[in-house]
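As written, the chain order gives the labels A, B, C, D, E and F, with residue 1 at the start of each chain.
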Amino acid sequence: MSLKISEEEFKKILESGKRVDGRAFTELRPINIRLGIVERAEGSCLFEMGHTKVLCVVRGPTECVPAYIADPERAVLDVAYRMCTFSTEERKSPTPSRREVELSKVIREALEPSILLEEFPRMMIKVYCLVLQADAGTRTASINAASLALAQAGIPLRDLVTSVAVGYCYGNIVVDVCSIEDELCADIPIAMLPAYRKITLLQSDHRLPIDRLSEILSTAIKAIDQIYELQKKALKEYYLSSTKTGD
Amino acid sequence: MASEFLSSIHREFLSNIEKESIFSHISRGKRLDGRDLLEMRKLELIPNCIEKAEGSCIAKLGKTSVLAGIKISVGPPYPDTPNQGAFVVNMETMPIASPSFELGPPNEIGIEYARVVDRSIRSSNFIKLEDLVVEPEKYVYVMFIDIYPINDHGNLVDAAFYATLGALLTTRIPKVEIGDKGPVILKNETKPLSLNIELMPIQLTYAKILDKIVLDPTHQEELVSGYKLTLAISKNDLVATQKSGAGVLDIDDFLAAVRDLKERSNLIKDLVLKQTLG
Amino acid sequence: MSLKISEEEFKKILESGKRVDGRAFTELRPINIRLGIVERAEGSCLFEMGHTKVLCVVRGPTECVPAYIADPERAVLDVAYRMCTFSTEERKSPTPSRREVELSKVIREALEPSILLEEFPRMMIKVYCLVLQADAGTRTASINAASLALAQAGIPLRDLVTSVAVGYCYGNIVVDVCSIEDELCADIPIAMLPAYRKITLLQSDHRLPIDRLSEILSTAIKAIDQIYELQKKALKEYYLSSTKTGD
Amino acid sequence: MASEFLSSIHREFLSNIEKESIFSHISRGKRLDGRDLLEMRKLELIPNCIEKAEGSCIAKLGKTSVLAGIKISVGPPYPDTPNQGAFVVNMETMPIASPSFELGPPNEIGIEYARVVDRSIRSSNFIKLEDLVVEPEKYVYVMFIDIYPINDHGNLVDAAFYATLGALLTTRIPKVEIGDKGPVILKNETKPLSLNIELMPIQLTYAKILDKIVLDPTHQEELVSGYKLTLAISKNDLVATQKSGAGVLDIDDFLAAVRDLKERSNLIKDLVLKQTLG
Amino acid sequence: MSLKISEEEFKKILESGKRVDGRAFTELRPINIRLGIVERAEGSCLFEMGHTKVLCVVRGPTECVPAYIADPERAVLDVAYRMCTFSTEERKSPTPSRREVELSKVIREALEPSILLEEFPRMMIKVYCLVLQADAGTRTASINAASLALAQAGIPLRDLVTSVAVGYCYGNIVVDVCSIEDELCADIPIAMLPAYRKITLLQSDHRLPIDRLSEILSTAIKAIDQIYELQKKALKEYYLSSTKTGD
Amino acid sequence: MASEFLSSIHREFLSNIEKESIFSHISRGKRLDGRDLLEMRKLELIPNCIEKAEGSCIAKLGKTSVLAGIKISVGPPYPDTPNQGAFVVNMETMPIASPSFELGPPNEIGIEYARVVDRSIRSSNFIKLEDLVVEPEKYVYVMFIDIYPINDHGNLVDAAFYATLGALLTTRIPKVEIGDKGPVILKNETKPLSLNIELMPIQLTYAKILDKIVLDPTHQEELVSGYKLTLAISKNDLVATQKSGAGVLDIDDFLAAVRDLKERSNLIKDLVLKQTLG
């Protein structure tokens, strides 16, 4: 998992048409979804993509505290993204980093368009994303988990939100970037309302040639469609099983 | 203004019907979930669930579940124990597991539980701290044991204890070389953590409800209990006691709980070892 | 006070039937109690046991702030235990340590059963314990001080709370442990409602043989009864003197 | 309880009349202040305004103004980049510039904007970090770039970017000597900061209002916009993207915005260089 | 600006009847005042004295938050004095220092007597002073700036508050101390309501001969009168120009 | 939102009857507790009350009492004073002494008073800082002076000052040896702190009530006073001035207060020395 290779080796593998972890360029890591695993919450989801593991819990709609942040026309959505101290190579301090604060904000804004917040004026919906293990793609896994937890919580949604990180590695476009790719290449996390073809999260850093952007986005959308199917399947299975057990 | 450690925990209430239901069961010697008064929920340990941690374990007590992870670093020893490694137990109280928790630094419950688990482990001498020395008086291993409650369905403190125990039993200590710029951790060369298995502590929590003592209380039982009593034993010794909660404790109830724990401890010890070392 | 001796010497002294500070096994350190020394508080008490000195102040019943922690059926009790920076061998940081947070909680729970909180619904009673000098037994001294300060404040009590730490030193049971005993032996702090024979605080660490527990507890109770008498005497003297001076 | 980063920002509201006025203008292809949809406000840079800083600049975008200052110290390099200097971007959010800010540590907006500016600069390789080494693997220069909004009349993030750019372009690096007790900074001997001028990033922010995209939004426009999209390019590459706000973004709007930025970038680059290097 | 000279040289210059920066003993540094520069605030002022630059912003009267600090008879005045990290020779941490807390308090108390707070019961007036560059006299510049910003905000005032720091350097009284004087000599910051001849801020440290105090104060008052005229001129010019532009 | 330093102090109010009573006494030249306007309460010092501190003293001014304690450590000197020891004055504001204080870090009153006491001591050169050097330019003694108010019956700042003075006068400096691992403090070998007794500062606080000046105000007097004026002198020099509170001060009142302090200072100095050095 924490395999270290040189930039040269990395490039060579890419040239052979493969990726460092053996995947094809547009191949996702294995995805594992478990819904409803936290009993004392309205919604919860464990979302695993490769070694990345995120637990997401939804609470609410509840009363808005402190009262002065309440919105008379819609629910306030509050999102906290946090990493376990042991989720990373080096122990992370439990105090929230600036990165965690920024990611809490962009995850919130990625989820917000999917929720019918206007149905709960003056209320608050709380989403907590806890990264149990970080191996690239923690913000996209958090969004995928959170959207499912919101659905399981029975919060009315326009659509699920589905997210993936695409990478641009020495001319190659790869989907669902892994740790080494994240370090050496440009990483473009994207979230969408898949049914509407609308983007709710978009970030990038490193260098991206402008004339490849269109291709990068269409590659992302294909991956998002695949994950979207897995999300819907997980929801369906959860409802079937919970009906069976009468839960 | 109340102290922040008090006001950062949301009080929860049970309805009178819920309370009555718990009380009427217990007064008849049974519990809402069908257990006998001194019956523990099923304990399940899932070790090695976090590959990036040097040790990790999920412990489940019925529906309650807790994740513990261990990260290891190298630093100077404490001045008063120059030839021993060190460990720190911390419990975060993010509102994942329970609506009564809030974002922010650990509240008084997280601090108390972490310190109780720390004492149960430390007093038993379960960890061979003398084997955690890299270079005597200069560099020792420091273990950060961080505990995250996942679902609080009662008795978090025991679930936290068993998650910690499971993580310790499966922890791998990386090799360390002292280079020019200080210690370098070699993550690929590891050996198991040195433990005094025969001193392994076993911890259980009892709760007083009405005039009865119940073992391993659920969340609802905690809300109506007078006090909780957490005990840990190692071999024939009591190594940790913590009365928690505002009720009053009878001496006989304390002594009876210690005897009960003593009787159960070997069975639990076997279960823990089987589920971790296999 | 900060005498350092070896474990061997320590054992030898115990074998001679004495303790490092010259006391007999069941002998308390000298106790000094002063009530009402903080004028601008409803109740206050300075409690000294040997070199350990704790000042306790009681405020209230007052309005509950923040309001959302109020209990409609009883007063909320808030206890803060803090140590002066110069109370210990090494300077203590003024920021509350985790130990101070835990001790605040167990002291609160040791006092709570003694107070008729139900007489003050929606109110708050505040107890502040400040350790001026720490030489073992600061939590037990805090409880003894706090209970007297509550009584002086006129808060209705079922009984006083009385507390002592018993030690188990190489087979010997000693009462009111001193610093060196605290370091080398098992320390069992206990608090009781003496008139009711009920325990309100019980903690332990180190190794205690199970078959000695009963003896340990009965030794503790004898010491508690002695301290209880001193507490009652101090209260009586305070009331007599305050009646005399018309204070 | 909401997280502190959310609750420390005061929500602001526009009256319905204000909203209607903005909307009716924009639907007719014009803006309240007379600008075209894709017209930027006048950018003005005032460098070297703080003599005690190693670099400083006020950037004005119309009425919006932001002050950036750079202080330089010497410290050990990051372990993974032993032969590079370091820089940190921080944005304070004191309630000077806007009634929606509060006293205290930076809120989520300050943190986001500082990190966006950091990425725009860092991804472009504008700063020659390899030239900021005092003694390889031991001592490097560390630049603290601190940003203070002065007047928030909209698009703080671009004003913050240009203030930072202006400060970097005029920063003087002091000479450092390594003495017995470590590095000593000689403030009187300085040289300009090494920059890759040809890689200089240019950042612009677009906002979606109704079905239109506007460039360089005012404060009122921000309050009615669906999202803001901050983009930075360096040469022919996109080096930073940040969608901010809860609206939904169309792919075509993103691609169009990138093209618009590309077209404008040389003009802005010339303007920045003229106003700083003269 | 950050010129370093020895104490001996410093004394020699003083003996020649001049100061290190070439000024006469009672000469002020150049003063530059700009009003109304922060559009989204009721009042604002940039005040420069030599290299010292302070930006002050006034907000309110607004609702009092938190509500429990409201005063039923008058507005609450809240003042925060903060320094930019790059305003000093060494980078200042952005966390408020104890000095910044004390200065916030004394600046508040220097301004308070000038404001008709009784006209806004239950409200709050907020004053933020941000030191952009610190070269001695930042508290006095803050007061001068804040008083002008309050006036520009239309808050009813009894008088402006005007402030200057006088120095006592080896027997010489100097006005508007510079950095080196601040370091080597006694520094006496004073603020007044000039029209009333009343002092609203007075502090000192270092050694001041008691028999020179009267002279020190009268020197200060002369300087304050000069600055007062500049403040009034700046206000007048601001009103004239804002009337012209219809702002 | 008000700044935390303002909102963490509870405002206290006097009833109109209490106010009137104070005013009517003072306008007749007397005070509620029988004192004359310029009469100080009885000052009592109890040094060496905390054996674990290197220096300690309780100071009582009538019913007001304050505890100060001094702990000594060894560290590097400040770069600008390589051959001087250092001291830090801190005042905690736990709600022991007054219902207007709250739990948490020191409020603005604690910070102001600690800094005033610091300036009174520092400006006087009472402490021979040059004698607090362990190894020139490398190790010096650092004194932490921590002040805890016990009962606030008015004029805490002077009680804090005399508690500090009493603690300094009875402080014992431990011997320090420089070992392999740095300095080692030998607590059993001590010598008194070096002081310039002839420069000992004396501090007094005056308050303006109605048109009168009173010395050493009580708590109720503080609540109705326009301002407090704290002054410290050392020999014939004024070494600290602090006007505190929102009232306005007349020059003549200031000069009169300085003269009053000068007249009293020798008597107080003798009292302090008698009660500490015996």
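What we mean here is this: contacts are C-beta pairs under 8 Å (C-beta built on N, C-alpha and C of every residue); 3 or more make two chains touch, one makes a residue touch a chain.
Every value quoted in this text rests on a predicted model; they were computed, and no experiment measured them.
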**OP:** Please find the path from subunit A to subunit F through touching chains that uses the fewest steps, and give that number.
**Re:** 2
**OP:** Between A-D and A-B, flag the pair that has more C-beta pairs in contact.
**Re:** A-D
Subject >> Selected from A-B, A-D or D-E, interface repeating E-F by over half of its contact pairs >> reply: A-D
Subject >> Rounded Å distance, subunit C centre to subunit E centre (Cα mean) >> reply: 51
Original post:
subunit C to subunit F: how many Å between their CA centres?
Top reply: 31
**OP:** Let me have the rounded angstrom distance from the C-alpha centre of subunit C over to the C-alpha centre of subunit D, please.
**Re:** 57
Original post:
Residues of subunit D touching 2+ other chains?
Top reply: 1, 3, 103
Subject >> Touching two or more other chains - residue numbers and ranges from subunit C >> reply: 65, 68, 80, 126
**OP:** State which pairs of chains touch, listing all of them.
**Re:** A-B, A-D, B-C, B-D, B-F, C-F, D-E, D-F, E-F
Subject >> subunit E to subunit D touching residues, read off their complex >> reply: 1-2, 37-41, 51, 53, 55, 57, 59, 80, 82, 84-91, 94-95, 126, 128, 130, 132-135
Original post:
Which bits of subunit B are touching subunit D when the two form their complex?
Top reply: 102-104
Subject >> Residues of subunit F that touch subunit D when the two form their complex >> reply: 1, 3-4
Subject >> For the subunit B and subunit C complex, residues of the former touching the latter >> reply: 1-3, 5-7, 11, 108, 111-112, 114-115, 119, 122-123, 227, 229, 233-234, 236-251, 254-255, 258-259, 262
**OP:** Please name which positions on subunit D make contact with subunit E in the complex.
**Re:** 49-53, 56, 63, 67, 69-71, 73, 90, 92, 94-99, 103, 105, 144, 146, 148, 150-153, 187, 219
